[in-house]
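Labels run A, B, C and D following the written order; every chain starts at residue 1.
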Amino acid sequence: MTLSREKVFRDPVHDYVHIQDKVIIDLINSREFQRLRRIKQLGTSSYTFHGAEHSRFNHSLGVYETARRIADKFERSFPSQAEHDGLWDTSERLIALCAALLHDIGHGPFSHTFEEIFNTNHEKLTQLIITSPETEINRILRRVSDDFPDKVASVINKTYPNQQVVQLISSQIDADRMDYLLRDGYYAGVSYGTFDLTRILRVIRPFNDKIVFDFSGMHAVEDYIISRYQMYMQVYFHPVSRGMEEVLQNLFSRAKYCYLHKPEDMRYPIDFLKPFLLGNWTLQDYLKLDDHIMSNFFAHWREDNDAILADLANRFLCRKPFKSIIVNPEEKTELATAVREVLFDAGYDAQYYFGENSSFDLPYDYYRLDAKTNRTQIELITKNNQIVELSKVSPLVNSLAGKVRGDYRIYFPKELLEDLRTIPADQLNDNQRKVLVAYANERSDDTHQVQQRLF
Amino acid sequence: MTLSREKVFRDPVHDYVHIQDKVIIDLINSREFQRLRRIKQLGTSSYTFHGAEHSRFNHSLGVYETARRIADKFERSFPSQAEHDGLWDTSERLIALCAALLHDIGHGPFSHTFEEIFNTNHEKLTQLIITSPETEINRILRRVSDDFPDKVASVINKTYPNQQVVQLISSQIDADRMDYLLRDGYYAGVSYGTFDLTRILRVIRPFNDKIVFDFSGMHAVEDYIISRYQMYMQVYFHPVSRGMEEVLQNLFSRAKYCYLHKPEDMRYPIDFLKPFLLGNWTLQDYLKLDDHIMSNFFAHWREDNDAILADLANRFLCRKPFKSIIVNPEEKTELATAVREVLFDAGYDAQYYFGENSSFDLPYDYYRLDAKTNRTQIELITKNNQIVELSKVSPLVNSLAGKVRGDYRIYFPKELLEDLRTIPADQLNDNQRKVLVAYANERSDDTHQVQQRLF
Amino acid sequence: MTLSREKVFRDPVHDYVHIQDKVIIDLINSREFQRLRRIKQLGTSSYTFHGAEHSRFNHSLGVYETARRIADKFERSFPSQAEHDGLWDTSERLIALCAALLHDIGHGPFSHTFEEIFNTNHEKLTQLIITSPETEINRILRRVSDDFPDKVASVINKTYPNQQVVQLISSQIDADRMDYLLRDGYYAGVSYGTFDLTRILRVIRPFNDKIVFDFSGMHAVEDYIISRYQMYMQVYFHPVSRGMEEVLQNLFSRAKYCYLHKPEDMRYPIDFLKPFLLGNWTLQDYLKLDDHIMSNFFAHWREDNDAILADLANRFLCRKPFKSIIVNPEEKTELATAVREVLFDAGYDAQYYFGENSSFDLPYDYYRLDAKTNRTQIELITKNNQIVELSKVSPLVNSLAGKVRGDYRIYFPKELLEDLRTIPADQLNDNQRKVLVAYANERSDDTHQVQQRLF
Amino acid sequence: MTLSREKVFRDPVHDYVHIQDKVIIDLINSREFQRLRRIKQLGTSSYTFHGAEHSRFNHSLGVYETARRIADKFERSFPSQAEHDGLWDTSERLIALCAALLHDIGHGPFSHTFEEIFNTNHEKLTQLIITSPETEINRILRRVSDDFPDKVASVINKTYPNQQVVQLISSQIDADRMDYLLRDGYYAGVSYGTFDLTRILRVIRPFNDKIVFDFSGMHAVEDYIISRYQMYMQVYFHPVSRGMEEVLQNLFSRAKYCYLHKPEDMRYPIDFLKPFLLGNWTLQDYLKLDDHIMSNFFAHWREDNDAILADLANRFLCRKPFKSIIVNPEEKTELATAVREVLFDAGYDAQYYFGENSSFDLPYDYYRLDAKTNRTQIELITKNNQIVELSKVSPLVNSLAGKVRGDYRIYFPKELLEDLRTIPADQLNDNQRKVLVAYANERSDDTHQVQQRLF
């Protein structure tokens, strides 16, 4: 059903988000979608870039709007005229828009860290929220047709037959990524996320069941890949944000430990978290979680009897990130051991005051016979309909293709360093010296990013 | 103490926030200041402008940076050379910066609404947080000198002897307002908050113990006043955000009622809120509160046995704002009665499903003999050092001076309207008709803003 | 004829200018339109705002694009369904776009000043270029239909029957003004021209043979009026740009004098200018003129035997604006006399080293019975289709309505002042003292803008 | 001499340009500098990007301002304390600012093309304008000291002993390039020129007689290199702008031919151009030239008796660029011959309706033993003062280093193609077919950029 009057949301990135379908507005108003207002898009990144406090609600509207513009463009310029002509099937519009809007609906609080400790999976949960008859979202989608929820879920799952719809939502250049680069850059206040979306919307087109880009837009696509690379290097992998993640991960671990081993000590009722501590949770349990619920636990835990739990909770709420040393893969084990020893000597429980964090990204890749998970490569189309893979014509993209970039880091409390520094140099033991040297080395060159050719 | 190396925060509005003093960085890292990360700058406005999810932490850094730029400019161009020369006393720098940074430190979750129900006062709390020896902030400030906390508090309290410092932080054109107009506009994605800050920083100057502006900058100042007016009319007073505030206010009221009258029914422990429900709280109690803690209560209350509490909590979390009718002052009582009657007839408890909200702002005013609270008027200085009050030379500002603008609204659940509309016209009773007509009238002209001359 | 593939021009203000019609692209490529590349949009303003060097070609594309967006919006949302339903007649599209593109086609170099001396009229010339069979533009328009050029001309002339089309191009809020405020602000590097075009394009609509704006967009329209006011006060009326205009006007006068009274002295052939000096020019003569042609004359004149001609030409090319004194209307004659006397005493020919310049603008007005030229007032439409005139609901706009704002200034060479300042105070004669005092006064308050109620 | 009050110019790129020195303001007001207002920064690029009509005056102010900010930063943070400490010698400030402001002062109209035909050299002319006692600029500089002009010239000439000053003005990342990327991007309306200048100004520092960048700013510098690359590929090398350049070059050639071989036919006096046609010009002759003077010649020439001269002049003024075919180096000669044959057959004088244009740029390079002209490589400095060359740590920059990128193109009138297309395929001769095929090929892939490893 089309709305009698288009609704709009004022948006800092796209100016306006335009809604023409009742299904879309109802999905936005659903309980599960409104919950995304209480989940930050970038987790701990706002501890480094204070401007980046935006929610997944915010971003999800942006993905929808980007997909809508692409769908509108396809409908206007490349509507399918005959079966198998490889152009855009205009009847796919609503399914594409719903999938765009809902692609992140399964995210929970601090997804990455939470999943590691509590064994949840936001991708499966996205599927479940869409297909389970318990949810408002499912009920709204079913109003379209009985199989509509499954179709939407299969788009996100990449198994939907129409691969143009799939690529619109998930590929190396999709509505999701285009929105988050622009949006995260806008909120963080950095220019690195900027690329020329208007130009990309001019050169994007459906072709032979794929989405391709006019050759003349090569540099705009190249620029997008570089923005992606820069945002990962500069914002998403920032060592300080990861230092907060490490605090968080240890905090979750310790809470689990306390609950399982000395539940009588936990003064504050853990209610909403209990099913996850017990490893026995339902979709409804999951939907109760958000950043605010977690934050409330932390606020209570910092008054807990367990000193470690209280300390870690306080570190998180008061932004006291762990410090880090960057390590080469080969020296990782040795240095980790040294740090653990030093922690132990200084009276820390190394199980909860130590972290290893590796963050790597593959900025771009083309099809490879030997790759485990095949990515959809980015293709350009020439005026006489020949297809060229992007890295073949862009030396910039080629220099990034097939190589992961990032680093390994070992994390520990800042106070440890401060303590070590008070020890006279000739009284340092081997491990202490090793840690200080490694830390000093890093600060001396900061080349925290390594690259590794994947294939 | 000056930092050996300036620290910076990347900021979307000011590009960088620059920190040169150890006191400032320590204040930012304090427990009380970090708490501002968990308090939204604009309360319920993000329910209308989804982009505006930024925190008071974010804004407080911006006020600091704006004050720093002004202080730097004064120091460079107008340092006092002799006592009573009316220029800038460079020894005031640190006190001005601390006051700028901390001017909002006493804010709690949803301040406006919370204060009304629980009788707190964020201005007094700001003073208390600064001057009470219990806080980290006080300890940091005391490192400067024993009387430094009191001095900082008195700047915010406007009683500090040096009125240039006071005006820098609070006047009709101060670091606080300049930052929030730009910042709120940036995050909301509207251009109304834009004015020419760079130009204002060029024309601002100390003069005879006041802060004035070069005459040549008149239009930049005028533009700032108009931005302020537009942001109030377009963003801060938006009827939908206020519809969410009304839900919230009724929710707090109901929680108080439930606790006081049937505490056995409240299934979820109210711990952090208890001192406020009992009207017997301490500073430490207050400092435990933030948006997240509140949100956690709402999440639990929506499962409460009390149907009204549960319903209101759900409305807030799922963004179901009350609808409103705009009313003239003279017909206010009559229409309020009608709405209450209709609510009662429809089975609502009018005590918790009804709201009156008036939002008025005085965009600008000059000194008046008969005014209750005298504002510091904005003054321009000519090349031969004559002082001219702004509204004397700006017809735009003059048209706004001394008049409050805003509206009165009566709020109620959206469903009430939907129900009324199903009743055949000839079966409506008088009150029902009155409500429908008033609602239709508003929608027909939307002139929701009235102005009223104050003097 | 529609183009097989839309053509675009990259534009800093509108991102892209989109061309779908062959007639439009042909008009842009015509000899007369390309000539606009060589005529600056803002004449002498780039001598004050060095960024504002853009041409009328640049702006004309922008007016076209703004009109196109409005026409597209009307076509999508408000197409006429029946005769006299007051909605948008979609068959008017091309005529509206052509009129938008060509509305400034009759402009020549430094129009304002040139017209004063040489008695040309860019509005009549716009009509002529469109309707004369000599021009490429006319030939292109005639391809649509024989009467098409006349229709386009009548839109610009405001006599076209469909007043919606007329208002789109010329009214108090039209495609022309919307583009130039944004564009001139962008190029000058000032924020004053900014208003929310996207929002205005959302609320604009055809209604009863007029163009009106949804009531909900009142503040966006209000903001546009204020931008207009600010741009006039801050940019268009800048005293230094007008000081360059005064140099130019005297330069043209002197050239005319030299040609008529001592042609044998003019060393450089005046070819393209001759018909204008003789007052006997044709359309083809006019179309040969542009800023570059004029500049070439100046470059040669500064080597002329006539000292005054040479000096004024040099002042213009080397940016040596006349200085000014602001005067009240009542003291104008007296001060003008004083300045002339002082000039004479100092050896200047007051006929060519003196200027009077008054610049006034009426930022907005509503219909008035007694007005000489009736402007189309700006009207808002409420949800139940009532029409409200803008200034009735906006106190800001009301404060500007019906009052012209600007100033009178007397101009003279900067050296005159410098000379006067070397004279000991007690040796100044009356006129000299009067001039110095008047100049000092202005500098002391800079209240150079007066307002005058028109009615 | 320092100005009593800082002067500012409003600038769209840097917000304000700040002038503190009387020498600087006097240089700006000089005859030779004001002349830059009449010379477009980007020559024929505004025929492709209509927004890019800005002058060299505009850019020169921007280079000055960028240099001023760097010098201020160096002065504040890294002032030399002792001889040979490798830090910034604050007494170099004025010389650096003058060199920045004047680095382009020798440019003439359409420099690249003009120089090719008339054998001028803007770099030598820059030196001459600064050092010749005939110029106002020289006189102003000499007020500082007798050897000041020579010093300024030597900075631009790269022979000045203090290499930090030299690198500030000319190196692979200097004030000139930083300004033009941002400025040309702003005016053209493309985002490709954007990089994070504020961040670069934070990480730039003097070190051991060189200018280096903190390692932590690596990605900002990387981003700058990529912006540079993108601007060359997307804007500066645009085939259509070069198509206008080819028209211009042929036009100048033909004018030269006409003057030398049939001067009696040239109806319009060529005055200012004569010395150049005769190859016997002085500095004063050169300083009389600008875009406007040239444009005036074209306007007259399009009425000339010589049909070729008239036609080419008209093409230039009415923006009728030559079309092009991209060629590989190996097939260049063959295709050039074919095009010339086809032109001849079609009645064109191939000497004036044919062009070869190769545009190549080296986006970045490091020192090489075997390079002809050594560029100053970009160096990063780690926390413990080790120097790392940029491409060693940036794979993106490494992918661009040492390779020139661009293309070879053959140009001819558009009408030639149109004519060929009317010939039935089976009646095409070999050359005609070759041309059509080559043109079709290009359009089919547009891979107009080739890269070539230099070493």
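Assorted remarks:
Note that a contact is a pair of C-beta atoms (placed from the backbone, for glycine too) under 8 Å apart; a residue touches a chain by one contact, two chains touch by 3 or more.
Computed from a predicted model, the values in this text were never measured in an experiment.
A count of C-beta contacts for the chain pairs B-C and A-C puts B-C on top. Same interface as A-D, judged by over half of the contact pairs sharing residue numbers, among the pairs B-D, B-C or A-B: B-C.
Measuring from the averaged C-alpha position of chain A to that of chain C gives a distance of 52 Å. Taking each chain's centre as the average of its CA atoms, chain C and chain D sit 33 Å apart.
Chain B and chain C have Cα centroids separated by 43 Å. Chain D has residues 15, 190 in contact with two or more other chains. Note for the complex: chain A touches chain B at residues 9-13, 15, 29-31, 34-35, 37-38, 46, 49-51, 53-55, 57-58, 61, 186-190, 268-269, 271-272, 288, 290-293, 295-296, 299-300, 317-319. Those residues of chain D whose C-beta lies close enough to touch chain B in the complex are 8, 15-16, 198, 202. Remark: chain C residues 190-192, 194-196, 215-216, 219, 222-223, 226, 229-230, 233-234, 382-384, 386, 388, 393, 395-396, 398-400, 403, 405, 440, 443-447, 451 touch chain B in the complex.
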